[in-house]
Amino acid sequence: MDTDIIKSHIERLSRLDCRGMYRNDFLLTWEKSDDEVHATFIVAEIIRELRQQNISCRIFDSGLGISLFRDQSTRTRFSFASACNLLGLALQDLDEGKSQIAHGETIRETANMISFMGDVIGIRDDMYIGKGNAYMREVARSVAEGFQEKILEQRPTLINLQCDIDHPTQSMSDMLHLVNTFGGIENLKGKKIAMSWAYSPSYGKPLSVPQGVIGLMTRFGMEVVLAHPHGYEVMPEVSQIAAKNAAASGGSFTTTHSMEKAFESAHIVYPKSWAPFAAMEKRTVLFGNNDFDGIKALEKELLDQNATHQGWECTEELMAQTHEGNALYMHCLPADITGVSCKNGEVAASVFDRYRKPLYRQASYKPYIIAAMILLSKMKSPADTLDRLLETATPRIRETA
Amino acid sequence: MDTDIIKSHIERLSRLDCRGMYRNDFLLTWEKSDDEVHATFIVAEIIRELRQQNISCRIFDSGLGISLFRDQSTRTRFSFASACNLLGLALQDLDEGKSQIAHGETIRETANMISFMGDVIGIRDDMYIGKGNAYMREVARSVAEGFQEKILEQRPTLINLQCDIDHPTQSMSDMLHLVNTFGGIENLKGKKIAMSWAYSPSYGKPLSVPQGVIGLMTRFGMEVVLAHPHGYEVMPEVSQIAAKNAAASGGSFTTTHSMEKAFESAHIVYPKSWAPFAAMEKRTVLFGNNDFDGIKALEKELLDQNATHQGWECTEELMAQTHEGNALYMHCLPADITGVSCKNGEVAASVFDRYRKPLYRQASYKPYIIAAMILLSKMKSPADTLDRLLETATPRIRETA
Amino acid sequence: MDTDIIKSHIERLSRLDCRGMYRNDFLLTWEKSDDEVHATFIVAEIIRELRQQNISCRIFDSGLGISLFRDQSTRTRFSFASACNLLGLALQDLDEGKSQIAHGETIRETANMISFMGDVIGIRDDMYIGKGNAYMREVARSVAEGFQEKILEQRPTLINLQCDIDHPTQSMSDMLHLVNTFGGIENLKGKKIAMSWAYSPSYGKPLSVPQGVIGLMTRFGMEVVLAHPHGYEVMPEVSQIAAKNAAASGGSFTTTHSMEKAFESAHIVYPKSWAPFAAMEKRTVLFGNNDFDGIKALEKELLDQNATHQGWECTEELMAQTHEGNALYMHCLPADITGVSCKNGEVAASVFDRYRKPLYRQASYKPYIIAAMILLSKMKSPADTLDRLLETATPRIRETA
């Protein structure tokens, strides 16, 4: 059994300062130090290696992983379930429709009521600008207080499974995919990545993916280009963070209104539809006022505006303009594929087909990233914990030797 | 590690006769002997201590805990899930909407079909007077018979997660909260507890909470006062049980139509809305006849009647009249808080806020009470089982030492 | 502890060639060799014995069993959940309503996205002729490819939990029930089994049960008679398989349009409603064309046709004509019982009541059959694995000795 790789990963991990992650939440990547981000990647890799070598990663003998999805989800739902299970936690979904929450429970109360034996809480809440992340923070504050007051016997830590601002389990998985594709984090220095808007017939897709990508990828010395039509700006706060990150890491962060320019000589392209931030802000206000006529009018306006940008498609012609005509194509999936899932979409069918295998691999990191986030938030000495898992080497599947 | 407390608890447990709980159901507290009630408290405390000291309570290597909720639930749902998980059972929810039950399966058949590997079944069925508890008994009878006929290889035991008559996991948790707040069960002798109706704009809340409270709290020598407006009587059978209990325990059980009188010098107050029993009985008949006009008329009548009792609110003035102005305020949550969750409710916001911490603690006992009920119904020698858990001391979370 | 039976079962198992089941799916019984079918029965029996003797069958320390039900289910849902749990897998249901599948994910993509940590996938998809089994094969092909491409780190194996063609977990459980009722598989040679259509007021019940029964039961030298009114033919492909099986096994496969003839001297009767195959094929086409008027017209036509066959009921008179008036009555449940669940149904209430116990026992084999299918698809040396479980003898319930 090849345990040398694992041992060297653990050794690297032990040199990083990730004390701040213990009993803490993972809500935005830019709240995490470089050491903490790197520790997350390393732990994800270790867990993947352990599992591949049929070594159990159960650090919990019992305990609950609580999920709350306020929007549809397949891959993140299964990734969270997989991560919890791998570490030994049982999943317990908080289905707001089946609960008494509609009956006027406060956030603080609900957060404590579900957490008596909850070790971790994963939340997706990405529908309204200004709401999702704020909600997560209120839950986190509530359970932190509950723990301090000894109402809760453990501190349930939160994992942001996508909010209005960031989608850290996505961007961290994306980044780990890049690290492995390019053969090491140091090889990403100077590489050009185009995070580009792309046309989709549906409208209103969350901004958290492009925001997550520019907020994270700018930390590794890459040339990060954000491309979109006029009016499709992302949150200004996140643009500022991206610019600051780029300056600190020796990379760059630029924006353009030309998909062609963004793709030119890019090593990595990430074409994806999203909704205009300003319009989404307006929509949140309209919802707050129960102004459904206003929402309808806004939707029509947005769809009309959207329809004028059908040229923003990741075609073979555009791909040919990338570095050696061979940029890594990325997507968080599911993609809107021209002629497959819609008439005109984000990407040409031939491009998507060619990159199917790396796209699936990109998605495959998410369970490990989530497991790493959980482990780092629950273990005081993560390197020691992983060391012991390796030494004990309980088989995940008890086949005969 | 402080294991002396646990050892002394186990020692006390070993002196109690709880043989009748083995392979038996927990449906009504008043069907349980004093020894059995005490055993449940002690086992709950032991499990809590074990978990706090990071000692695993898994007595099952595999097995299913089956839940059936015929009414909304957050805290009881999570409490049951937590208890099952803590003991090593996986939760399997019977969602009647997704099953073929609508297609005419008999209770006996369904009960057996879901129970081939079911160790415990938790049911909430509190909507119709005369129905919920009867349903539970039919399920219990069915699986007991299935076990006897060797159709089932184990006897799935039932836990009443709230029926039309009792809410034993609530009242037992409430009682354990009292025991710990007052420093021992013996200190509750002579204490006055006011179980009082309170106004809520919604109508039709189950009677099982007040009934459960008067049915249980009268067993410990307390002065139990039941207060409600005219017409809000609880089930006469339960009142009789409360009176009998009080006589036997050296306490008292009285009723009053004055919230003020109930609160006067009370050590504990439990103000909560419930529906009039007689009206709920009528409603069950109307439902049975599919008389939806009749139900609408009844609802209107009840809401009108209800609206005349807005004075029944747990205010600061009332709290000031309690023992040293400092009674313990209790509620099963969620409460209807005046000015917060409704215009006029069961309790003033300032009172509720002041007692938030003990209220959350009160709720925190439920997972342990349920776990104790399960353990006592499945283990032939519960003291020995707990002794062995303590000795083995498998860590719940495998952190490094 | 009586382990001799288990040891002799394991010894028999070790002589069978079931290498083809490893990393393979269980979709149709007639795709499995005789050795593989027998191995499934033996493993099911071993697992049942182990569990009865309180020996843990956990071969997985962690891992997911994924379920996808495209039709209502109680017993198969709980059987799959039980089997997964018994082996150590956590259940994760893919609820298509809560996922992004409605948003146009391809089957290949979804299959891979949910399977990163999926060890087994159970699917029920029985609504449309030509669709269910084809869908399962596409999922199987997708994850097999994902495993080959190293997208997936393990090969999730599929279990057919009922499709349009076969219902192997049902027919295999039914057969194991026969083996145990008649005291051994060899005693079934020459026994007559009547798989008969029976009247039910509902229409459109899947054909997979009768098809599964004639496709499997013909392999053991039995006289298999398929009885139904004119127009209620099953899929011709399955009839051909049944005929071929019967020829090979030294039994017979005949069809008749008389329930009386089928029951005459039968040792086993299985009266059950199903929809006419040709009509179901037509219905699938109509659905494909969104021809809802056509569907309504077809339904009316079928119900009218159906109503003319109310004489097809399993009555006491018919039962009296069976072998010694004492044939084993079988049903997959729930049955339509005359005067109980409907006015006129598949079976007389007195017959059903008399056979309630064996009917429940028949159902009780399903969790074990599913567990056996999973184990045989995941373990390279199943006999060695089971040997080790027996030797280790970890208790399922940790009661004191």
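Read from first to last, the chains carry the letters A, B and C; within each, the first residue is number 1.
Please note the rule applied: contacts are C-beta pairs under 8 Å (C-beta built on N, C-alpha and C of every residue); 3 or more make two chains touch, one makes a residue touch a chain.
Please read these numbers as outputs of a predicted model, since none were measured by experiment.
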Query - Self-contact between copies subunit A and subunit B, residue sets same or different by half - result: different
Query raised in the report: Roughly how big is the turn, in degrees to the nearest 5, that lines up subunit A with subunit C by CA atoms?
Result: 120
Query raised in the report: Could you state the distance in Å from the CA-based centre of subunit A to that of subunit B?
Result: 41
Requested in this report: Check each residue of subunit C and list the ones that touch at least two other chains.
Outcome: 58, 90
**Report entry** Footprint of subunit A on subunit C - complex, ascending
**Finding:** 58-64, 90, 92, 94, 98-106, 109-110, 112-114, 116-117, 119, 146, 149, 151-153, 378-381, 384-385, 387-388
Report summary line: Contacts from subunit B onto subunit A in the complex sit at residues 51-52, 56-58, 69, 72-75, 77-79, 81-82, 85-88, 90-91, 333-334, 336, 340-342, 357, 360-361, 363-364, 366-367, 394-400
